[in-house]
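Chain naming follows the written order as A, B and C, and within any one chain the residues start at number 1.
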Amino acid sequence: MAVLARAGGEAIRAHLADAAPLPPHTRLRGPETGLVMLRGRAGGDGAAFNLSEMTVTRCSVSLPCGAVGHAYIAGRDQAQAELAAVLDAALQDPARRPSLMAAVIAPLAAAQAALDKAEARKAAATRVQFFTMATMR
Amino acid sequence: MMRPGFTDPVLDAQSCFRAVLEAMSRPGRVQRLAAPLQPPAPLAPATAAVLLTLVDAETPLWLDAGDEAAEWVRFHCGCPIATTPAEAAFVLATGTPPDIAALPQGTDEAPEAGATLVWQAAALEAGQGWRLSGPGIEHEHRLRVGGAPEGFRAAWAAQRGRYPRGVDIILCAGEAIAALPRTTRIEEG
Amino acid sequence: MAYVAVKGGEQAIGNAHAWLAETRRGATAQPELDVAQIEQQLGLAVDRVMAEGACHDRGLAALAIKQAQGDLIEAAFLLRAYRTTLPRFGHAAPLDTGRMRLRRRVSATYKDLPGGQVLGPTYDYTHRLLDFALAAEGGAPEAAPQAAEGLAEAPRVTELLAREGLMRRERASEDEPADLTRQPLAFPAGRPARLQNLARGDEGFLLGLGYSTQRGYGNNHPFVGEIRQGRATVCFTPPELGFEIEIGEVEVTECQMVNQFHGSKAEPPQFTRGYGLVLGRGERKAMSMALVDRALMAGELGEERAAPAQDEEFVLMHSDNVEATGFVEHLKLPHYVDFQSELEVVRRMRATAAAPQEVAE
């Protein structure tokens, strides 16, 4: 769910083209957009406080086999939420799971990890190396 | 298998809200709801529509309708389930309703914090039964509520002493709703 | 009279809106800005609108900026108005800022600290010289260099001090925090209500107040213990699932301002912290918020409360730029009847003031 929440609807669709077609689904609820209140903690580790709301889209679907899938994703992309919910349901089917994991989830997770890694490296490149101070000590 | 909620969440909730507003404005007048819902037993379509319209993540609900109905309501409304009626903003009674004096009454400063009782009755029949009067009623409205328990009228009369605190009631039966806001007086027909 | 004016205004208002739309678009010879460009290239404006609009949604904030022609307070107002149309699904778990994916992390109190000084994409060391190259057709800048490895663990500076017993610990609490979007402010406001108010408060107002504490209005000698900026994971527990799921990430800026505290009868001398947490890359605001948060703790710490920044009611009632805009700007709406009565009063006072003189003559 975390991987699908961070992926754009188009990215999910692009990877789905490589997988077996998804079964038809029934919408149980949504997709609908609402708000979730974000919280922080005083001092980073103290009492919780309400920081700001954020837009969130949710969707729940069921498949003919009876599996129910849910998705809550940041933002307003209703197509992404619906796809994520269908995938959540389809991934519960042991017959479909391996191919969906390989075709959709694994590449999305790898792409997200690569972006995170690149950003962490850019940040590390801006880490100050106090070399003159070190030699003066 | 989870049953769906409103087909069109926005329009269906709006028309149901309008019906609740009408019912509250004209206590005892019966409104018909058009939303074709198939909620799990024992919920009537009108009861389900009222819950989908009014209950959400910020209104704890207490209900006596069993696990399947509780699961359905929690899923579609996203509401917390209260462990006692005293902690609830909405109380759903499909059987004998709880004593209204035991529900949250609000305060003189915030009377709107009083609970709303959604009472699924055996039947609602206008034009007979109780004589209702008060705001929203020009002369008198009559309403028969099937299965109203002994002592309800006395408890309702006692509530007037607590005004503006108190409990409001939305009555549901089949696809019909009516309302008894806390300002309404009830006399035996 | 007022009603006549309202009816007569309809046509004028319609025409004013049409001219506003035309003005917003500017000369049609220029290509129209699209919302994605604003979201990407005016990212700090988007961040500010999200923070003060108290709603995280980059696309909506960018749209609001376009609609408001870059008036960020108007844009925050638009975003606040929009959020009222959405249902609330619930609240997320408090963001774990200690574990955010850092883009920037600096401390003014320790040179060498675990995790190091990480500058991130900062304006701090730019020369503030206008870069005319940006006015020319640019092309993409060179890609930022990447180190061989990512960042090391970066523990909180305040935790380092707290372990030595030199930093006042925050009282962890699982109490349901006050929510200003549901309950109006009441005084004394608890710290959760204060922090929520400051987090959505106007950056300029907080900056001025924070500055005042440095200039002696409030006894304050702050150090930036730590500034952290990066992406924090949002975790939410849907009631129907009953377990926590990750629903996305938000970029936030956190500032821990370290202040000396002389101690009281109950507590030894130690450092205390002011806290700032802001949506997006709002470093100036996070720092200002931390200064003002610390100033507002004067009462709890038994310090003298003399300066404006220490006055809870003064700060919290005036920090919100949407509220302030509403009340200041309503003055330009028709007050014809009010003013007529004032006119009458002044004329009558002048008449009575003049009358005895005539008698004396």
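Side notes on the structure shown:
One rule holds for everything that comes next: contacts are C-beta pairs under 8 Å (C-beta built on N, C-alpha and C of every residue); 3 or more make two chains touch, one makes a residue touch a chain.
Going by UniProt, the chains are B = Phosphonate C-P lyase system protein PhnH; C = Carbon-phosphorus lyase complex subunit PhnI.
Because the structure is a prediction, the values reported are computed rather than measured.
Taken as a contact graph, the chains are fully connected, with every chain touching every other chain. No other pair of chains shares as many C-beta contacts as A-C.
Computed centre separation for the pair chain A/chain B is 39 angstrom, with centres defined by C-alpha atoms. Each chain gets one centre point, the mean of its Cα atoms, and the points for chain A and chain C are 27 Å apart. Residue numbers of chain B whose C-beta contacts span two or more other chains: 75.
Residue numbers of chain A whose C-beta contacts span two or more other chains: 32, 60.
Chain C has residues 87-90, 238, 240 in contact with two or more other chains. By the touch criterion given at the top, residues 26-30, 32, 60, 62, 66, 68 of chain A touch chain B in their complex. Within the complex formed with chain B, the chain C residues making contact are 87-90, 182, 238-240.
Residue ranges of chain B in contact with chain C, taken from their complex: 56-58, 71, 74-75, 78-80. Contacts from chain A toward chain C in the complex involve residues 1-2, 5-6, 32-56, 58, 60, 70, 72-76, 116-128, 130, 133. Against chain A, the residues of chain B that register as touching in their complex are 1-5, 9, 75-76.
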